[in-house]
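Labels run A, B and C following the written order; every chain starts at residue 1.
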Amino acid sequence: MTEAIERPASAVPPWEYASAPESTDIVRLDDRYGLFIGGEFVEPKSGRWFPTISPSTEETLAEVAEADAADVARAVDAARDAAPVWRALAPAERAKYVFRIARQLQERAREFAVLESLNGGKPIKESRDVDIPLAAAHFFYYAGWADKLEYAFPGRDAPRPVGVAGQIIPWNFPLLMAAWKLAPALAAGNTTVLKPAETTPLTALLLAQVMQEAELPPGVVNIVTGAGETGAALVDAPVDKIAFTGSTEVGKIIRRSTAGTGKRLTLELGGKAANIVFEDAPLDQAVEGVINGIFFNQGHVCCAGSRLLVQEPVFDALLGKLKDRLQTLRVGDPLDKNTDVGAINSRAQLEKIEELVESGVEEGAEIYQPECLLPERGFWFRPTLFTGVSQSHRIAREEIFGPVLSILTFRTVDEAVEKANNTPYGLSAGIWTEKGSRILHMAQRLRAGVVWANTFNRFDPTSPFGGYKESGFGREGGLHGLEPYLTFDGGAR
Amino acid sequence: MTDRLEVRRTAKLYIGGAFPRSESGRSYEVTTHEGEPLAQVSQASRKDLREAVVAARAVFPAWSGATAYLRGQILYRVAEMMEGRRVQFEDELADAGAADPARGVSASIDRWVWYAGWADKLAQVVGATNPVAGPYFNFTLPEPTGVVGIVAPGDQSLLGLVSRLAPVIVSGNTTVAIASERSPLPAVSLAEVLATSDVPAGVVNILTGRTAELVPWLASHMDVNGLDVTGVPDELLADTERAAAENVKRVHHAPDADPFDEAAQSPYEITAFTESKTVWHPMGA
Amino acid sequence: MVGVSQAAELSPRQPLEPVATASEAARIVARATAVDAVGLEGRAAALATRSIKRDSKVWALELAIRCMDLTTLEGSDTTGKIMAMCAKAVRPDPLRPEVPGVAAVCLYPQLVPVAVEQLAGTGVAVASVAGGFPSGLGPLDARLREIAGVAAAGADEIDIVLNRSLFLGGRYAEAFEELVAAREAAGSAHLKVILEAGELGSYDRVRQASMLAMAAGADFIKTSTGKISVNATLPNALCMMEAARDFHRQTDRRVGVKVAGGVRRSKQSIQYLVLVHETLGPDWMTPDLFRIGASSLLNDVLMQLEKEHTGRYSGPDYFTVD
């Protein structure tokens, strides 16, 4: 059988990337998900449920329990009851549980990736190649620490778990953030109550199934779903430690709530990172770095390179390249393997982005957006550049948490440092130059916890991550990420 | 007995390397532990505190940018200068009611020496190169947090203060310290030692005055990055931590160890006010 | 003459002239934009994962054929071998006359007359390597004579090599002068300059060599001779395309890019086309500005086309081997 092939007559190539959607068949969703407490999914005492949707279609995917203070208390009790069991395990055995989780995540990676993109709106390319593999790698990395803790902090005797950790995570990297929180806590011998973000609970609940499959002792990991009130209840609950990733605003509220309680606290908060391009930079790779820095995960990244500082001699060249590159970004179906920019995570977030972009236009910055068709349903925002931005504009100061880049210029190294550091945040920074000594000089002077030189938005379980100033305190990842989950004889009060 | 009249020392604040009186013109009386009048001491105001923070911020780039070797040498120099004035410190500790003033002074001097030695070792102990899964060189270094406020313990007026100061500044932080309210004179003498020990002006600023009056201003100051609350009275601690939330200050309380005990000195007292900075760079030809 | 191919006639384009002088060669090299290896390789790898629509795929596979320089560069090449290859070049799939012919055949100088005769009027061009291929280290006058000779023999396109000895030795002006002399010797034939990226040691060098060759008037810059262990790679090709993009911005001149060596599977050819599309844009997706030098690739592309037409996977026995 031969099909007739229509041969394009025009000179313009019919070059289209396939809509190559990942099949969602791999994901089997229940209609309803209860709270994961004591190793079981249980009905919420609150009696309340809320829908969780796909931001790319606005379709409801499932209903999820809303935990109230009584539910949170039940989860904390379960974690408290499990604590002696978990810490009494031989560390090598504890390690093996965490290894099991890592392996099971790898085994079910595609399912997790599809669900992450469905529930959160991020491109499958990213959930498949970044979020899920990194989440598994985190468990794998920290698993190995469980029976080696005494080697981690020289001169400190008898590392012990802190106890019960309350962990509150954001919606931008739902499973990965769960891994960042759970892996070190479990390896160090803590038990936990995890609260996923309101809009993206599903992969955490799938992770709960993985915990069951790994035969993790009941109560070691508990997962309570809900919104801000559930998080507040967890902060106020009798836990020994709070670990929070989210906005600086909420971070400050948590800090105030825990004041005087003696609860240990780590905060990983917002950012407004400078990505600094010098005139001698490898420009084409810098373009990729800038694009990746701000459009990765729709810009829903606390360490996003949202302020581009360009040395004046290459401003025109770089801007031209950026605009060209922006035209090639594919915005659309998160489940399409060719999609570069997916859906905005929620209507609320979309409105916030729209409001800030409007302020940029009103304050006189020049906006540039590529022509691209956006789907009719769902939450979408065009990749956006602003030029003519000054440090005083809101779009240069406030975290937009969306696909919006503010471009500023500078003349000298000192000016770049001054502008980069001129923010209450201090999470990350980028430097693009071929001059090694300048990289080290800049890396030293930038007040940021992560400095990417000639690259951006790289993450690894062995690499500590966390901020200076109002971007929070404490580190996640690496040996440094263990410290918040351990206590020592004679240690700090 | 001679007719010569003693020249008394005026106990003043230490801000930006200078010894001003409080801008408020206030002072308060300090007595021995037995209640005998000892001296009038400047009572710092919130405006003095503000000036001290400005001084500490101004010198932060230079002090944090100095080589670790130089910072170590300067801390050691502080020990040398204290040794030379130990009689004065012993007298002041005796007035403050110390059971064994000589022991307190010795321990304080030794503490400077101990922390001086950490300056160029800390990064080797708590830094790391991280074997990331990709073609990148990745390393983590401790860096100073910035301007750190210190509320020195009310007792142990010398060793308590030195035990808080030395770990804060050895890594490159600058500081505004509130001295023991009851026994501020050893702190004032320490300021005079610091002023002559090559410690750059503004690296350490010492305020005497009313702890309860000054702490809220220090805790809420938006240009202070960290706060050592060891000397904050328990009843003020919650409010202090709440105020510190406003700019996400790192808050630290020293271990509940006897300050003479070896456990009271630790590199982890230094890292309480350091930030881990991680740097990535591709490895490619 | 073996028949008229479906290949679109290559548009007649004036050969390019140098845009610089030898005295500027060192500056051209020094000012070439730096390249970060890890970033470049990462971008190339990311683009390699793009999948294209089925309709586009047929078009892309046919484009791969239309952009192909069907190549044989063996010491054992004979008149018979070249005649067979020319037939294949004009009509790659005898059972499907609608399949287009390739852009050119590429061969050694001595065999140029055979191909010229075979391909006259077919629309398939004759390309010859020349200028002391593959090392380019013979006497300059002999190399130039060889270039002029194949041009006189009727070659439409001439693939020469960059003098890596001069280039890597920092003698940029001399390397540049050689290219300009080759440009002159080639007359009206199109000049493709082979950088032999696998010998240059870094992407910075690939980018510098690209800029130098383009400034010297190359119509095409080409990755490899196919004679060393490192052939065309996606990052090398991407690096050269980025250079061509910058050169176009700077001079408004479109220079073609040819990947050669090691491209055997149709999947690879699609990956290179994705690079072209994403880096240089649709304007470059023509045999005038993009070529793939290959031999065994053609049958693999035909096999894929067959699969697109029939929905079945095919096998090598169903395609002619020449």
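Odds and ends about this structure:
The criterion applied here is as follows: a residue touches a chain if its C-beta (ideal position, glycine included) is under 8 Å from a C-beta of that chain, and two chains touch if they have at least 3 such contacts.
None of these values were measured; they are calculated from a predicted model.
With centres computed as the average of Cα coordinates, no chain lies farther from chain B than C.
Comparing chain pairs A-B and B-C by the number of C-beta pairs in contact, the larger count belongs to A-B. Centre to centre, using the average C-alpha position, chain A and chain C are separated by 44 Å. The distance from the centre of chain A to the centre of chain B, each centre being the mean of the chain's C-alpha atoms, comes to 37 Å. The distance from the centre of chain B to the centre of chain C, with each centre set as the mean of the Cα atoms, comes to 69 Å.
Shown for chain B are the residues in touch with two or more other chains, namely 134, 136, 282. Of all residues in chain C, those touching 2 or more other chains are 36, 38-40, listed in ascending order.
For chain A, the set of residues that touch two or more other chains comprises 454-455. On the chain B side of its complex with chain C, the touching residues are 134-136, 282-285. Put simply, chain A touches chain C in their complex at residues 1-3, 5-8, 11-20, 125, 280-285, 288-289, 317, 320, 328, 337-338, 434, 454-455.
Residues of chain C that touch chain B in their complex: 36-41, 201-203. Every residue of chain A that touches chain B in the complex is listed here, in rising order: 137, 153-156, 248, 251-253, 255-256, 258-261, 267, 269, 424, 439, 443-444, 447-455, 458, 460, 462-466, 468-473, 475, 478-480, 490-493.
Every residue of chain B that touches chain A in the complex is listed here, in rising order: 65, 125, 128, 130-134, 136, 138, 140, 143, 145-146, 225, 237-242, 244-248, 250, 252-257, 263, 266-269, 272, 275-282.
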